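Okay, so subunit A shows up in both of these, paired with subunit B first and subunit C after.
Let's look at the complex of A and B:
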């Protein structure tokens, strides 16, 4: 359990809570025992189906019951129903899971069931339009996941689901539109590491397909990052992204420019000369400073400085 | 509720012993789907606190076997619950700790595990197809404990992990997913078991891991998230495999973990002031063990099981923890 505070109850409050919990527990166990007994006896009736709905509302983490529900769909509810009826049933479950996700946004079983529903949408509504049901439902999913990310921009279940939708939907928006989405998320909050991460993936794709020129794109990224650095220099998302951009180019001049910018930011002395020793010296000076302002990680800075010194000696 | 500067071992042992006793607790019943995991967490915590016998070996084994699903050749988390890779791993780990692996039908369980590998190399948790690097790790760990690793397509498995590598050196749940300390651990530990640590950008990842430490000494799982005791294990054990445990401040982390103890009822919580649970208890104790806290037993950070046991099976890899303090 995460984030559940210890509470001091008065005797009276404790007694009342115990009674409430006891009643809740009785109801839960009765329902759970009933559903499990029906599952064991292979009960595939509508009544059993409704009971799983009730039980899952009480405990959406009970994955065995999601399994049972899916088995009932396949074995008894779908057969002998028209595509339109099957689509209706699945839409109902998509609504149910959306409702549950609002209260339980990080429960794997709910997200899994959503995917299962999407993957079982039947052909239809007509022989000329076999993908109609699918297209309409899948297109709505981006809206659903946007709502979830508006509620919690760091919910990795939602981001993973977003990537799944984009990779699987029949007519996905182009990668550049996803790049714009990450820009929006980043500009709303520079320390949204999940958005920076998504951006790193989308950019890599755009570079690989040639849709964006890598060199020009990286220049623009450095601008975006510089903006973020000045707005919130303590935010690590930006620095980690920055380190990736540096690694992606192999531009010694860019490296020098970046070190200079960082020095300005730290109110350090002006530009080092463009020669190797000056670069090494400024690195070692920065590492000494880092040791002072970030003591928990001093062993790491020591190791890096050692590495620079011994590497430099070998020249 | 005062915090403590010591690990209150007898109190935590009693806490773990009491876990199955309160059948009136709603949370206990709502978490039946995690029961097998919980038994493994409790048992491992007891081992590390050197109180392995605090729970009955026979009753534990009986519980494990009551969760065997014969049609599947696998274990569920609780009687009448569906089989799944996660409880199957925990079941195997419990039986190994109790030297009762002979109770398992190894060929059938191996078949179940291998059947869950996808063409991409990742593993599903069960036949419903959810994929996650947690399941990949569970499969690799389980096969290795069963001495069936030779049946695994290692190249395929490793190639999936490679594709999960992110711009920060970390790993996510699936290809494309954001780095998260728990997923970093499962990928790092799986690569350690498979002797493929070459896949990792070690300096970059160790840096990302070191940056999980917050001013209060606790570790988080991702940038800008809250500290949580369980990351004492996920982050620390990953650093241990990379031999960079020194890159975090051990004293501050130790204080943080100790401050999350429930000094009245026992157990450790996710952070000071919260309700304890067995999940945070094992990972807090495991973290302390890796930090060299005195009086604890060594834990293997790759398997999250007693180190000498893993070593006796010839499965110890080249990880490094801090030396055990005398007092």
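Let's look at the complex of A and C:
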């Protein structure tokens, strides 16, 4: 599966490995059978709970066991316990899932269990402060997801989780601070499309709330993207983000400026006339060039050229 | 390189790989233990595509697998109320989809299929926003589950378990500005979820034809999705699953099938495509995600499924594969079997609808 590495072994080492594998499998299967049997017989004891911890450490993708664990929380561990004790149990599970995520950063079941824990934090610590536990726990989540994104800046589970936290936490940081986070990620690596993507979402929010002036902001974004373009014109992320910016403002002057910019990048003379025929010829010329330099998409460029020609003829 | 210069497809070796995986998997694969039904499907599917189910397996084995599959069917919700699913019942939507396909590949008569139970199960999995969770009232929800719900309903020819309008609305919200579809609204476009979205939208009742415009996909969404998908074909010929990621054999299916569904399969560079997948073949059998990588049933099956969708005229006969039903992700022969045995009422005289 994704991420399983190949290693070379000597004959003796191979035998030893086989034995270890065999023992590991035997232990796993025995534990798995035990836990499933207990689940079937509705065993809600502490002992069963500990066994699920052990099993989930060996196989965090075993969704049935995460379900069983949650079942035990609701049916037997939470009732008769104070909010502070419940909060502690959930904190422990948040620690457990964080530990597991470091080894298994893309397992749906672990991220899912984390969300469940967050959503079940009890009121407390006191009647005057019913959101205390929640605030303190949720505030740590951004730290957790940042660690995950430091390890793998393209992990879409982590990015989706980040968006969930920002949308749900009681006192989220202002969108401008998220904008700054995307700037940091982009500056660390222009080809991190996930960061550019997040940026597009945050900017849309900031424009909608009026916190940032849309026209001015788009100007700045074009500047940012032009830097990226000139630094690494082969980077796909930059062009997709550029296309998104273009789609967000229909300003003829801006379009002309961008076209000129890109032509300079192509080492061409910027064109000053923009009548329809010039545009059509220019497009067809570019498409012919693209056919040569980008063979995998030859047929696509042919199709587009055909569309331009037939559209042109129809006029 | 032309089609005739490609290495052969190592059919026997790949069938061998999946057969071995059906017997046992090493401890390094402990984490897919809970997904055995999915792994089973990738193995059965590979044998089906290679036409070697009957050659390479014995009737007693097939009987055993069918029995094992039926053993996984939950006959009633776990919990005290026999009519309602509780939050902690664990029939799984994706496993249900792969189980039905596996049983069809093994030519089961589906007498034991609890159709009403499945419809109730789908209802219990659908959320307010139209998406579906993996299990009733819980679990993660994203486009994979929506696709499975749609595929199951379409195979049952019974959509009473799904609020189609709400589900379609959820899918459309997942459409990304890049083109393609993300896991959830605001998510980045991914190859797998793009397939799930498009296959669902084309499976939806009232959509009849792969080549007619789809009422649930705007012209703009279609155009930018095609562009995004095509951009994901690397110069090696393989497809990546996202902007700026490496090519991976499984995305040859997810992205390739998406383009096929949109009716623009001809725009794929077929020779490069084949040549990439040919190079992902592992010397002892099976296909990995990239050249030199270890193989597994998932990449083996999806590579072959992708190859079935994009046959190359002048390639060696070893590359000839049966026609694939891109929407259900199984051979057309197996799809025919499904049409004849899975719905409650089947009209045998009618010619099957070609999807």
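Keep in mind that, in the parts below, the second predicted complex is superposed on the first by the 299 of 315 C-alpha atoms of A that agree within 3 Å, B and C clash if a C-alpha of one lies under 4 Å from a C-alpha of the other, contacts with A are read in each partner's own complex, and residues count from 1 in each chain.
The rule is short, and it goes like this: a contact is a pair of C-beta atoms (placed from the backbone, for glycine too) under 8 Å apart; a residue touches a chain by one contact, two chains touch by 3 or more.
Predicted, not measured: the structure shown is a model, and the values here were computed from it.
On the shared subunit subunit A, the superposed partners subunit B and subunit C overlap sterically.
Of the two partner chains placed by superposition, subunit B and subunit C are both touched by A:163.
When the shared chain is aligned, subunit B comes close enough to touch A:36, but subunit C does not.
When the two complexes are overlaid on their common chain A, residue A:208 makes contact with neither subunit B nor subunit C.
Judged by the touch definition given at the top, the superposed model places A:104 against subunit C, while subunit B stays out of reach.
Contacts of A:200 after superposition: both subunit B and subunit C are touched. By the touch criterion defined above, A:92 lies against neither subunit B nor subunit C after alignment on the C-alpha atoms of chain A.
Once chain A of one complex is fitted onto chain A of the other, the partner contacts of A:63 extend to both subunit B and subunit C. In the superposition on chain A, no contact is made by A:223 with either subunit B or subunit C. Overlaid on A, the two complexes show subunit B and subunit C touching the same residues of subunit A, namely 1-2, 4-6, 21, 24-25, 28, 32, 59, 61-64, 67, 70, 108, 112, 116, 154, 156, 159-160, 163, 191-194, 197, 200-201, 235-237, 240, 244, 295-297, 299-300, 303.
Within the complex formed with subunit A, the subunit C residues making contact are 26-35, 87-88, 90, 92, 134-135, 138-140, 176-178, 182-184, 186-188, 190, 226-228, 230-231, 233-235, 237, 242-245, 248, 266-269, 272, 289, 293-294, 296, 298. The residues of subunit A lying in touch with subunit B in their complex are 1-6, 18, 21-22, 24-25, 28-29, 32, 36, 39-40, 59, 61-64, 67, 70, 108, 112, 116, 154, 156, 159-160, 163, 191-194, 197-198, 200-201, 235-237, 240-241, 243-244, 295-297, 299-300, 303.
The touching residues of subunit A, counted against subunit C in their complex, run 1-2, 4-6, 21, 24-25, 28, 32, 58-64, 67-68, 70-71, 74, 104, 107-109, 111-112, 116, 154, 156, 159-160, 163, 191-194, 197, 200-201, 235-237, 240, 244, 247, 295-300, 303. Those residues of subunit B lying in contact with subunit A across their complex are 1, 24-27, 29-33, 76, 80-82, 84, 126, 128, 130, 166-168, 172-174, 176-180, 204, 206-208, 210-211, 213, 217, 222-225, 228, 244, 246-249, 252, 262, 269-270, 273-275, 277, 279.
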